[in-house]
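Two complexes are shown next, each including chain A; its partner changes from chain B in the first to chain C in the second.
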Partner chain A sequence: MASAQLAKWWATIRISWNKQLSYKLNFLLLVIGPSVVFFFVKYSLWTAIFRLEGIDKIQGYDLSNMLRYQIWSLIVALVAQGYNSMNLAEDIRMGRISAYLVYPFDFWSFQTAGFISFQGLQLVTASVTLLFMFGLGFLQHLHVPDLISGLAFSLVVSFFWYQVSYLIGLAAFWLEETWVLRVMFITISQFFSGAILPLEAYPKYLLNMLAWTPFPYLTYTPVKIFMGEYTGSLSQAWLTLLAWMVVVGLLNRLVWQRGLRLYTAAGM
Partner chain B sequence: MIICQGLGKDFKHYQKTAGFVGSLKSFFHRSYERRAAVHNFDLEIQHGEMVGLLGPNGAGKTTLMKMFSGIIVPSHGKLQVLGHVPFEREHAFRKKIALVMGQKSQLWWDIPAMDSFLLLQKYYEIDNRDFKKRLGELSALLGVERQLQVHVRKLSLGERMKMELMACLLHRPDILFLDEPTIGLDVVAQRNIRDFIAQYQAQYKTTVILTSHYMADVEALCQRIVLVLGGTKRFDGPIREFSNILGREKFVSVTFSESITDPTSFWATFDPQWNESRTRVDLRVPEAELRSSAVAILQRFPVAEFTMEKLPIERVMNALLANPQLLKGAE
Partner chain C sequence: MLREIRHYAGVYLRFMSTCFAAASTYRLHFVLLIIMDQLFYLSMLGSVDFLYNNVPKIGDWGRDQFMFFVAFSLAIDHLHMSFISESFWEFSYDIRTGKLDFILLRPLNTLFSVFARQIRPATLVNFVTPWGVLIYFGLRLGLDGWAWVAVFPLVILGLLLLTSIEILLSMLMFWTVESMGINFLRIQLQTISRWPDFIYQGFAKRFFTLVMPVLLIGSAPVYFLLDHSRWAGLFAMGGALLMSWLLIAFFWRLGLKAYESASS
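This part shows the complex of A and B:
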């Protein structure tokens, strides 16, 4: 029985890979895109800020440290925050989930297997980006234990990110458009997670409050773990994140059960 | 197999007046109307039956299909399919049914159909030997052996529909729900699909519930017809009795050697349908008057061809939709 379930998951992951690899140029652009974006946006921006303003340090970060922080934040974004639920919301709204309601494989399992497959490709992209940055000399010190610890934490963050994206996607049972919710979540999380600026730049009282939310663990914590500079309590980081995962997981279950009662399977 | 009692489904229909002011108003207050798509529906379908759900657009046929297959939740009433409550969507139930949606593809667009079939093999836990055997049989019957490795997006509509049917039949479902399986297909492709369904059903005695706008599908495949109008059942019986709703009539088609401009009311009682050049007319003639009418037509007009057959259900449907009061006698 368990092996039959496993076979369903594995077959779904494989078919998602096939689907994503069916457009070769698109895949190639996805893999090299992040490095190109880094040089055009982050590298140019931070170099300009430090050199043109004649600043040596911002909140303890010199240019080389800031670039390292930004590179790791790019890697974390690739590993942990790449997934979005655009298709899910669209599929619900257009009545395209009907087929998956008839197959003897749960919809959540189908979506999650798709996410795992997506993560596999994201890991390829992140590895290519990391090797590229290493080759260019931006990252001189790579410590394997930090790499493993940072990757493990990022993968858990990626699952939390997926859960939230799934929840936003399910809002399509009630809302005609869910992109506003998605943009709001991304904007807020970018601001409070340390994806734009390292969290040292924020006031202490705000950081104390944020510690109880999932936000600082989305970017700042894994980036600092990768850099080997995380000074906070790792167990608190893991526990807070896992607690939020349980909350969002339960919410997903509830929203799916309620939402499905409203599903009209439009267009069939 | 399928038992429903007092089944109903209501939908909320939001209303918005056109233009910017309408959008602004609906932003603060969305008014809606609750409409019954299906109302107080009773139905019983036995194993191995082939039943056609007939009705115009919006009659409630597809809503019924969605409820039968567990995709949507009924608002009221009782429904059991194969001993299961469809909306509970137990895996055991899902393994016994299949749904073909003519207007929605269930195959993955960007990959060959074979990849989708392999995925479905795992979902339905079909062992390798059975899978290969069924795949071979179905692809040979449908004549698509050479298209299995072609990307679905590159297939013609007819080929795609054949693949959709294959995808739904690989697990040998007990009930097959076919929602407009021939929509958009040319006549040859329609006939191929019809022939295949008939052959498959004869071989495996699968229960088939079909909705189609093409009466030829229903006539060729179904022994029983359920007519749905305004969300309620208006006729349920053998197809041969369907045309009797209009009384015992025959369908008479007469072709003339010249255009008929006869202004008399001779034709009026037979619901005449003339072609543009008025050289051909289709009539509904009561069986009791058939002999006398035929003689009168042959004597009075330059008849080149005269054919007579049972009333096609398309004609019956058109008459019923134009005059729903005719159904009162059938209920």
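This part shows the complex of A and C:
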């Protein structure tokens, strides 16, 4: 029984992997492009600030430290923040989820298997980027325990990101378009997670408020773990993120159940 | 000529009225779009504001100059999102599904029909933040009368250049089967253009000024507004516009030959 289930997961992951690689240029522009361009802008901005102003340090960061922060932020974005729920929302809106209601492989499992294959691709992309940065000399040394710890944390962030994307996709039961919610989530999380500026540059009162939200754990925390400079409590970071995952997981269940009551199976 | 302009204005008004009717049907979506735009504006302005809490100057610009530049870019973005942006997503869909066939048959200029068709009313009503911030920082900088007269035309010039580069880029959609990536590439170019050109260096700066001139969109007009002796960038924008439209005319014809007309 368990092996049959596993076979279904494996088959779905493989199909999804092939599907995502069928349009390679599209994958490059859609998934990798935004992170790389965002990195390019931040790299240029910080280089200009330090070089033009002749500043030695900003909030404890010198230029090389700041660039290291931005490089790790790119790696975290590639590992953890690439997934979007575009197909999921379309499946609901077009009435294509009817099949999953009778299949012996439910909708959540199908989407999660798709996410796992996407994650595999992202890990390959992130590894290549990391080696490239290392080869170019942007990263002098890689500390293996920090690398493992940072990767583990990033994978949990990635699953949290998937859960939120899934929740946003489920909003298609009520909304004609869900991309607006996705853009809102990305905008808020980029701003509050330390993806643009390290959180040390933010006002104190804002940081105190953010500590209760998942946002600082999406970029700032994994980046600092990778850099071996995380000064906060690691167990608190894990607990906060896991607590948010439970909350979003429960919300997903609730929204799915409520949404199904509204589902009209368009086109059937 | 006048009759033709009147004809196109009438068609455009009809486009607008159908978009407003559609927007009023999906009210929650309408409200969410307003919130999304506001979040975007606030995150851009907030990022620069936080940055200037830590540095006194970037290049020659203090906080007010930089915020004025960001507001100028957001004003272009506001018009772009209101009147143009949606059409690119539709264009990609029309090519993929063959819906472009019906647009080609209309007794209208096809480029007008494709790129002026979609208007986003929710973004249109969101004008207060970008334009308000632009005026606020313009006043703080003490812009002279000529600069105030030139602000709106220069925003339009920036919008025209941005749109022209994007239309040129979107010609690629005739050859790519799945065009979502091209639209994302467009958005990435917008991201690059929302920062002043002096933050970029070397090859990147040359490429995004001379080959894909997105750095002219905000930088050239703002340099001129802050210092009227720096007008050369505006001529470069004119040249880039002309070149873009020559290339659009060429690639549009080539693209139509490659178009496979999926519905027929």
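What to note about this one:
Please note the rule applied: the second predicted complex is superposed on the first by the 250 of 268 C-alpha atoms of A that agree within 3 Å, B and C clash if a C-alpha of one lies under 4 Å from a C-alpha of the other, contacts with A are read in each partner's own complex, and residues count from 1 in each chain.
The rule is simple: a residue touches a chain if its C-beta (ideal position, glycine included) is under 8 Å from a C-beta of that chain, and two chains touch if they have at least 3 such contacts.
Because the structure is predicted, anything quoted here is derived from the model rather than measured.
In the superposed model, A:184 lies in contact with chain C only, and not with chain B. By the touch criterion stated above, A:18 is placed in contact with chain B alone, chain C being left untouched. Residue contacts after overlaying the shared chain place A:96 against chain B, while chain C stays out of touching range. Using the contact criterion defined above for the overlaid structures, shared-chain residue A:141 touches neither chain B nor chain C, since it reaches no partner.
After overlaying the two complexes on the shared chain, residue contacts for A:8 are found with chain B alone; chain C is out of touch.
In the superposed pair of complexes, A:29 makes contact with chain C only, with no contact to chain B. After overlaying the two complexes on the shared chain, residue contacts for A:197 are found with chain C alone; chain B is out of touch. For chain A, the partner that touches more of its residues is C, with chain B and chain C as the two candidates. Of the two partner chains, chain C is the only one that A:37 touches; chain B does not reach it. Counting contacts by the rule stated earlier, residues 23 of chain A appear in both its interface with chain B and its interface with chain C. Of all residues in chain A, those touching chain C in their complex are 23, 25-30, 33-34, 37-38, 40-41, 44-45, 47-49, 52-53, 55, 58-59, 174-177, 180-181, 183-184, 187-188, 190-191, 196-197, 201-203.
The part of chain A that touches chain B in the complex is made up of residues 4, 7-8, 10-12, 15, 18-19, 22-23, 95-96, 98-99, 101-105, 260-261, 263-265, 267-268. Interface residues of chain B, counted against chain A in their complex, comprise 11, 62, 65-66, 69-73, 89, 91, 94-95, 97-99, 101, 103-104, 106, 108, 110-111, 115-116, 118-125, 151, 179. Touching chain A in their complex are the following residues of chain C: 26, 28-29, 32-33, 35-36, 39-40, 43, 46-47, 50-51, 53-59, 176-182, 184-185, 187-188, 191-192, 195, 198-201, 204.
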